[in-house]
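Mind looking over this structure? Questions follow.
Labels for the chains are A, B, C and D, by order of writing; each one numbers its residues from 1.
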Amino acid sequence: MQVKEYKPLIVAFCCNWCSYAGADLAGNNRLNYPADVKIIRVPCSCRVNPMFILRAFQRGADGVILCGCHPGDCHYTSGNYYTRRRMAMLFSMLDYLGIERERTRVEWVSAAEGAKFAATMNEFVEAVSALGENKRLEDLRCKR
Amino acid sequence: MNKKDLLREEIIRRSGVNPKKCMKCGKCSGTCPAYEEMEFHPHQFASMIDSGDIEPLIASESVYKCLSCFACVERCPRGVEPAKLIEAVRLSVIREKGANRMTANDVPAMVDEETPQQLLVSAFRKYTK
Amino acid sequence: MQRIGVFVCWCGSNIAGTVDVKAVAEALKSEPGVVYSTDYQYMCSQAGQDLIVQAVKDNNLTGLVICSCSPRMHEATFRKTAATAGLNPYMVEIANIREQCSWVHKEMPIGTEKAIILGKAAVAKVNLNTPLTPGESPVTKRALVIGGGIAGIQTALDIADAGFPVDIVETKPTIGGKMAQLDKTFPTLDCAACILTPKMVDVAQHEKIRIFSYSEVAEVKGFVGNFDVTIKKKARFVDETKCTGCGDCVDKCPMKKNPNEFNMGMDNRPAIYIPFAQAVPKVATIDAGACTMLKKGKCGLCSKVCGAGAIDYTQKDEFISEKYGAIVVATGFNVISMDKFDEYAYNQSKDVITSLEFERLTNAAGPTAGKLLRPSDGKHPHKIVFVQCVGSRCENCAEKGKEYCSKICCMYTAKHAMLTRDKYPDTDVTVFYIDVRTPGKNFDEFYRRAVEEFGVKYVKGMVGKIVPEGEVLKVQASDLINNKQMHIDADLVVLAAAIEPDKSARPLATMLTASMDTNDFFTEAHPKLRPVESPTAGVFLSGACQGPKDIPETVSQAGAAASKVIGLLCKDKLLGNPCIAGSNELMCNGCSSCERVCPYGAITYLDKEFRMPDRTTKIRRVASVNPAVCQGCGACTVACPSGAMDLRGFANDQIMAEVDAICK
Amino acid sequence: MKMSYFPGCTLKNKAKDLDEYARKSAEVLGITLEEIENWQCCGGVFTTSKDEIATKLSSVRALMDAKSKEQPLVSVCSACHNVIKQTNHAMRNDSEFADKVNRYMSENEPYNGETEVLHYLEMLRDKVGFDSLKEKVVNPLKGKKIGAYYGCLLLRPNSVMAMDDPENPTIMEELIKAIGATPVVYGMRNECCGGYVSVESPELAKKKSDAVVANAKAQGADMIITACPLCRYNLIKNGADIPVVYFTELLAQALGVKEAENE
């Protein structure tokens, strides 16, 4: 039997103005991070409905990271403050459900922080890999 | 943590004052009524405690000159409360064994016909442990 | 069902080096909706774009997925390509397989696998794309400037010079603001009136500018390009169109003992008054609280002496409605109250004054005709102490002072000290400072001149207590450099009081849905890149309402605000961003959650009539998004508990489809 | 109306007048001051140090006593008032301190600063009202120019004492007006008299006291009133050449309870 190396599945939501640009900068500078990270572009981190994160877990994602502008730098002035509050609530709910705290994360990455983006992704993938597969929230009916 | 840092921590904890908030404007020393009698002045207490340079303060008579009138506390634009720092240093001194500034034997010399009890009580609280 | 074309770009070897582009094109062929898939060396080149246009025509494509570089790079390019091919530009999605794939991964199999997944996500999204059209709204080609100080004056002149009509609303009887009260201006020492009053005259004579003096903004409705504003013209009991400003009424008025606001209350004015000689408009105003005719119906002298018949005791507040395309806030600042700083004895002695009062004392048009005399006894002061940072940089005294640096005090104090020493060399001048902050062109040189050439004594330290005793002010202060306490018997003490935004700013901000910081300064749309715009579209900021500023800074910001306004008013129509929120009225339960989180005030609630299944009608309260105001952040979509609110271009089902595609 | 009353050590000894006139005047104004039983000395100064518990317990006992009677706690002496109010503030706002104290006291019900602490002057202003006080004045002190001397204990720290504007207080000036005299505002009225340092360095205390008296006189006062026995002692001992009296004495005089005493 062939043992397949475990590769976590990571969904990253990035706001268009800071973090998505930060991810682009990481690319421009050829800063490597694992291919397990797949980025979804949203206008603002506050566009991310906690439902999207739950959906990702349900569909088998092992980790979800949400990146936005630094507090005070939001393109829409206050969007990331909403994000911070909403995610604090979601995290406590995930905690309650027994989903490891390390599987979800909010990070502030500016358009100038390509290096931070890459470092954050490396670190996050490592942390999620250490936890192994997400089985608690995965809906096996969705598995193909 | 070395002894110097420990003392600094102790003073900060006891006084409840964060000397880092000081912006070095000198208003405390501008308002202090006991300034002329003090070797180290209120703004120096804030600055020296912050840098951990506390031994000279302990060795100084300045801690006994503070009137605890709280003018510096009231007027500090940054809420640093220098009088509380001075009190914390004074307690470091008088809490040492045998370091009471005043004893009951000193009382008769201090009292006159009109001396209010309040004076003796306050002085004892300030100068003895 | 969409007919999707997938176009995989090599970007030379940039993508093709670590991604097997042919394999990607091949893999995406079998995705739902994909009817055509190809790869090409440079998709953004003319040849590449032609290839796309041709493919759309040949295959009747309805949606495009471009697997290429970042959408931040070429999304606009490919949207134009789509438009050329006759598609809606918003039927294009980009899969970023360069910056976020080929450039960050080294091995071909890994890069290829990820590129395919990113492509699948884009395909899944395009399947749900709908054509979007940006909304259009007309622009009313008129601007409103709120506040008639130097900031408002400059903005109004610049806008009017570009040919657009401008209205200035000023709450005082005259425009001119704080600058009109100043004597000289740093660092060049030209007289404020000499440079300001010509501008005031320009405003008065400009055919494109209307001045609503003694007026306030009462109501603001509408949005960028289409503001409906109600202006309250307060009754001044003088007909502006008749008054010639001759001043006969002012001379005859018997009620002479009212504190003169223009001179900071240091002398008196009659109940009917013209604030100062160069006032614009030069029209008298009756102070209703002081006039016996208005209070008791007795007197009427001003009416009798007025040759123009301009006095009208029956005048009422008047409300004027006008439409504007843009609004500029220029409400300025005031000095804070010194009531809570009585260690400096401001309330105990007339000889402790603020710097603004000092300006009036040295101004030739002021209460002492420019002679520096003590307010208490009219004697010439020989020892003057200046205290800096009074109420500025206060951390623990929110109810007393301000946490910020007021920015202008260091320079005007240096100016006051220098001018005093220049005019009265026998005067001893001491300035107590915490820091001297002089970042500005020729500012530090100016301060050093005050010290080195004019002999102003600068002491690093702070005044702790001032005690008036007899004729002198006993000043007790610290000298930190010499480590001593100073005792000065001063004749006059000048306090550099902190400045704060005008009190009218907060209610105005509420009317405009413009945001403010905790100090009531207006917030800019971006602190670096959009410093003269408010986050609320169509509202611009000029002068000290946005933060403490000196005159040169205020004038440059005023000009910048004007250029932004001109840029807006030049347009006949505003094209919006089509990726905005929209509410499904059938699902909306009228809870207001979205309204509360919207940073732009773009959401309002309407009572709308709905037909029910049983053929009755019912009125329900539903959310309505103003497309001209919404910026498309999506905060409302998450706040909405019923899922009625969605964001076009980033819809719930589109993002979920991407999530699903990635997690497959 | 009944209120709990904490006289303090000095009022029972050197400042008996302060005590007596205070009680009698209060009676005239419809307030009975009930002395706390077995009160203990406040300690004279409030130790700001966070690790001092024992020195604050006497105040806590008095405060608890007043709480059990559901009465405000009134004191006249500035020092007592300062210590009690600061202790009460700490009991209310410093949970760590309150917790330690409550464990030590081991009463059934913990004390968390519920008692209202009033200085006699605050009682006059907020419970009696200077207007109604004025109506009770039978012997207005016309023509007297009086400088109110606040010192430091009455006003500072304002975040705790919250009695008046600490830099421009008016409460004693209002009292002076109410009893028919003319208040003299002078800058030194909220500066220190030298306090307890008069045992450590009498010269310093003399300088401070002299400056206060000189300033009051220069601004036109022919009399100084105070609420603090130590202030009064320092001013007089250092040679004040105008009368320095307790405010309650003048109050009693104006209300006619002092004369009755003399006759």
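To be clear about the criterion, a contact is a pair of C-beta atoms (placed from the backbone, for glycine too) under 8 Å apart; a residue touches a chain by one contact, two chains touch by 3 or more.
The model shown is predicted, which means the values in this text are computed figures rather than measured ones.
**Student:** By C-alpha centroids, what is the most central chain here?
**Tutor:** C
**Student:** So using the touch definition from the top, which pair is joined by more C-beta contacts, C-D or B-D?
**Tutor:** Higher C-beta contact count between the two pairs: B-D.
**Student:** Please report how many Å separate the Cα centroid of chain A from that of chain B, as a whole number.
**Tutor:** Those two chain centres are 53 Å apart.
**Student:** Can you give the whole-Å distance between the Cα centres of chain A and chain D?
**Tutor:** Between these chains, centre-to-centre, one finds 63 Å.
**Student:** Approximately how many whole Å separate the CA-defined centres of chain B and chain D?
**Tutor:** Centres of chain B and chain D (C-alpha means) sit 24 Å apart.
**Student:** Among all residues of chain B, which ones touch two or more of the remaining chains?
**Tutor:** 36, 71
**Student:** Mind pulling the chain D residues that touch 2 or more other chains?
**Tutor:** Touching at least two other chains: 167, 191.
**Student:** Between which chains does touch occur?
**Tutor:** Those chain pairs satisfying the definition are A-C, B-C, B-D, C-D.
**Student:** Residues of chain B touching chain C in their complex?
**Tutor:** Contact set of chain B toward chain C: 21, 23-32, 35-36, 41, 43, 71, 75-79.
**Student:** Show which residues of chain C lie in contact with chain B when the two form their complex.
**Tutor:** Touching chain B: residues 343, 389, 393-397, 401, 432, 434, 460-465, 476-480, 483, 485 of chain C.
**Student:** Which residues of chain D touch chain B in their complex?
**Tutor:** Its residues touching chain B are 8-10, 13-15, 41, 43-45, 47-52, 55, 77, 79, 151-152, 155-158, 166-167, 191-192, 194-201, 204, 208, 228-230, 232-233, 236-237.
**Student:** Okay, in this complex, where on chain A does chain C touch?
**Tutor:** By the definition above, chain A touches chain C via 9, 11, 16, 20-21, 23-24, 26-28, 30-33, 35, 38-44, 46-52, 55-56, 59-61, 75-79, 82, 86, 118, 142, 144.
**Student:** Report the residues of chain C in contact with chain A in the complex, numbered from low to high.
**Tutor:** These residues of chain C touch chain A: 70-73, 96, 98-101, 103-106, 110-111, 113-114, 117-118, 121, 515, 523, 525-526, 535, 579, 597, 599, 631-635, 637-639, 647, 650, 652, 655-656, 658-660, 662-664.
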